[in-house]
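Structure first, then comments.
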Amino acid sequence: VESSEANLRWANNSLTTNGAMRSRQVVVVSFVDGGAGMAAGTVLVDCTSGDPASSRRIAARLAERGIAFLDAPVSGGVVGAEQGALTVMVGGDEATLARVRPALERFAKKIVTCGPVGAGHALKAVNNALLAVHVWSTAEGLAALERAGVRADVALDVINASSGRSNASMNLFPERVLTRAFPRTFRLALLDKDVGIAAEVAREQRVPAPMLQLTAELFTVARRELGELADHVEAVQLVERWAGVTIGASAIAASMPAASPEPALPPLDAAAQADATLEQPL
Amino acid sequence: VESSEANLRWANNSLTTNGAMRSRQVVVVSFVDGGAGMAAGTVLVDCTSGDPASSRRIAARLAERGIAFLDAPVSGGVVGAEQGALTVMVGGDEATLARVRPALERFAKKIVTCGPVGAGHALKAVNNALLAVHVWSTAEGLAALERAGVRADVALDVINASSGRSNASMNLFPERVLTRAFPRTFRLALLDKDVGIAAEVAREQRVPAPMLQLTAELFTVARRELGELADHVEAVQLVERWAGVTIGASAIAASMPAASPEPALPPLDAAAQADATLEQPL
Amino acid sequence: VESSEANLRWANNSLTTNGAMRSRQVVVVSFVDGGAGMAAGTVLVDCTSGDPASSRRIAARLAERGIAFLDAPVSGGVVGAEQGALTVMVGGDEATLARVRPALERFAKKIVTCGPVGAGHALKAVNNALLAVHVWSTAEGLAALERAGVRADVALDVINASSGRSNASMNLFPERVLTRAFPRTFRLALLDKDVGIAAEVAREQRVPAPMLQLTAELFTVARRELGELADHVEAVQLVERWAGVTIGASAIAASMPAASPEPALPPLDAAAQADATLEQPL
Amino acid sequence: VESSEANLRWANNSLTTNGAMRSRQVVVVSFVDGGAGMAAGTVLVDCTSGDPASSRRIAARLAERGIAFLDAPVSGGVVGAEQGALTVMVGGDEATLARVRPALERFAKKIVTCGPVGAGHALKAVNNALLAVHVWSTAEGLAALERAGVRADVALDVINASSGRSNASMNLFPERVLTRAFPRTFRLALLDKDVGIAAEVAREQRVPAPMLQLTAELFTVARRELGELADHVEAVQLVERWAGVTIGASAIAASMPAASPEPALPPLDAAAQADATLEQPL
């Protein structure tokens, strides 16, 4: 379907995901063929969560044929999509954006011009990478506290009134982790992809980013261990598995008499110590 | 000065820091001598930012002499202290807390019982470690975006309306980094200490915490490189130095014609490539 | 049993481990009771793989009662123990060592004086931590090469003639990984303990050591995932599991017609891409 | 210059590096123009240290014009080049290699067929990445030991007779670090490039490689801090700077009376502790 305004390639389709019907959604059509069927003068708007280097390559190839390109990932989730209240992060030049702005405004409440082609993708990837950082690091901290005898609900109350708070600690952990609900709203596999893109942006730009790189590795591990269908917050369960503790467990136990925190791993016994002398590889 | 309520050791002193006069502040007295002058029945309340293992050791020794111990680090900053509106995180048993609660209520608005001795220290350390994670990871992301041509103010606007937001992105970066103000309100050296404590809590509890451990290392490096007087947010400047970019620079440049993003490092030139053949250590 | 030379506490016992009978082995006796039964003038020699901070604490307490302490972990493995050809790394003062040297020489071929109390333990821990670094990093590299179509035996041939070689690449990988033998000679749990000690030495000394700290975390994860009985080289199998590849697999496949390297994970399909638009948490 | 055997593009040039005259050296000519002047039937042999993804792209483009491609990085250093005793790691198909083998044998003592196009580059990058891992991790360990009072020469003696040894500990540290010679034989900037390539191979192959990724970041930091001319072993000096210690310092001090190990950083003083209460950002 082409919009009359600017030959914008989009699809006012009604995709069904998770049983929900949604409309007013822009997706990119026929990307695989490199825009083979598009006429010169078309503007291709990529609303997926792509990587900037590919976006720049695609834009350069399309430009040879007179086709303009914008990367325009969106935020706002399912609710925003249904209400036409998404935020669009646009990478590309202003003149091209002007041609498709009316089409974007059908579903976007806010249109942010981020920079050159790829800038929209880069910004979305970095935002999601920070989400990943917060989910994982908060899980590490709460798992350690849980084992040290600090209830996770108490810890979150304090953190959320303090300097260590984040969207993850304020919303995801109370609603999804402490409740053990872990609804599947955004796949871990997709977050893994986004963190990887952010890590690649940093490397491509030669910005040492040890934390983003480590986070990329940890989420790839989590994806392997938890599978393609896991929700992104389920990464917390891998941290719990490695820690041998369930975040929030002592809060539940607190309602029972003589509750005690998760016992620590038993110390290596004397036999193991003696063995060490014999086994050592030094 | 001893409180009449419970032999609480505290000091209603008037410390002057940063030129401000403050009262109604509890600090621990004569810790170095192991509470040598304290009578049995005293409660020692440690309001500093200590480490749980030491707290437990101290508590055990004091208990031999009939002295009770609570760790009770506070939050709320200078303003909270002046207004008697601090939050106190208490580690120790409820009965002991009951004895000193009236004294604590003189300066605390909220008293949170966290768990056994050390729990207050552990919780405070983890909160501060998450702050450190957020400051550093947000700096990495914004530095990469800056080099990719995305203005930091635009990036923060999007992130702060999205899933990647944290206290650091919502408050510290707009107020202190984009403005280049970097006021000295909380020393990097102290945050380094706190992250180290949180990392030790995780290790002691046998919780694999690669992100907290890495953050501990990075802040120790930052402390070495930036000195004992640097503010904790100045860690961002080390990320910038390593990245060869100033976060927010393109926002300033945007007001000039023909602004361009920070140039990437030049590629290794052909000579260097040829050299590689000769130099290689393989 | 006390040696006549210097009241050295040791046990000329015959421990049976892995079905082998061994003698001439020094182990520390009755450590748990803090040397309660030892007379003043005794020298306590700790030949286990301990941590320096504990060693210093123990030494200080023993000194109050006139008992000297040396940490003296050994290397050389089972064969060295059987042949009386171990290397002993001694922490403690020279005068104390002089008193027990004859006893140590019964089983040690080489006695190295490392520094003050704890120095022997520190050196042994660092050596073992480097072993752990080499095992894990070589596994990462070979797993990546395997998936890129480079046979592990070819890769090891080149690496072992080049600058990237280590004891791990020269001995452990050819003998234990490529053969899939994975004999159980030194437990992963003990290596995890040693890496943790090395990481703590670095932190205690305020030496930023991001690689040692990360290695400590990875081996703790491996211990959790692989269990208390796994051999230290089995950590390679966790790297393989995360990578979705078996190191050496293409070497085996090479003997069959039309061998192909391990296929990469399938790319996220178009449906997943479309989903991304709906699911995204930004 | 074209070889008569197989239209191999090479240059029998006499490059002068480090004041040495060398001949019999194959380098790639006119890469920048994509082999514009080459005839169909030519084989392009890339002996530099490149990245596999680029190699595959180049090979695909050249193939369209009937030009074959091999990646063939070499090892053996300056001495090997002078003596015609290099090892060549070849990526590409056997038939193509057969055509250029005589030309390669002029300077190569050993020709290793590694796998498909890019395999030679991948293997060389992984070898060099392991070198980087060993240099950095050994520096961390020795810096910690130095501060703990263990002389680096003693530590290296033990490690090099034990399981933690590597090419770095056996050759580079004794010859270049303990002597403080730090000769400039292979630039840090080039090693940084190689580690980055290895890290990208792992990511492209979806192999979680936290240690290689971290090493890539650390060497990029080191390159920024130490400059384009620094030797790769000078990375040790950055570890020393962060640690506040010189590896080998106590060995030198040992020749003087009353030598003592490098003092630890002073503990935070009481004033700083008290300050913490006021400054804290929680």
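By written order: A, B, C and D. Residues from 1 in each chain.
In this text, a residue touches a chain if its C-beta (ideal position, glycine included) is under 8 Å from a C-beta of that chain, and two chains touch if they have at least 3 such contacts.
For clarity, every value in this text was computed on a predicted model and none was experimentally measured.
For the pair chain A and chain B, the fraction of shared interface numbers is greater than half, so the two copies use mostly the same residues to meet. Between B-D and C-D, more C-beta contact pairs join the chains of C-D. One inter-chain figure worth recording: chain B and chain D are separated by 37 Å, centre to centre, where each centre is the mean of the chain's CA atoms.
The geometric centre of chain C is 26 Å away from that of chain D, both derived from CA atoms. Along chain A, residues 75, 87, 127-128, 131, 162-164, 206, 208-210, 214, 218, 220-221, 224, 242, 244, 281-282 each make contact with two or more other chains.
Judged by the touch criterion defined above, the protein chains are all mutually in contact, each touching every other. Contact residues of chain A toward chain D in the complex are 162-164, 196, 199-200, 203, 206, 208-210, 213-214, 216-218, 220-221, 224, 281-282. Within the complex formed with chain C, the residues of chain D that make contact are 52, 75, 87, 89, 112-116, 118-119, 122-123, 126-131, 133-134, 136-138, 140-145, 147-151, 154-155, 157-159, 161-167, 169, 198, 201-202, 204-212, 214-215, 218, 239, 242-245, 261, 264-265. On the side of chain D, the complex with chain B involves touching residues 15, 17, 22, 25, 27, 32, 47-49, 73-78, 81, 87, 124, 127-128, 131, 185-187, 189-191, 193, 210, 214, 220-221, 224-225, 232, 241-242, 244, 268, 270, 272-282.
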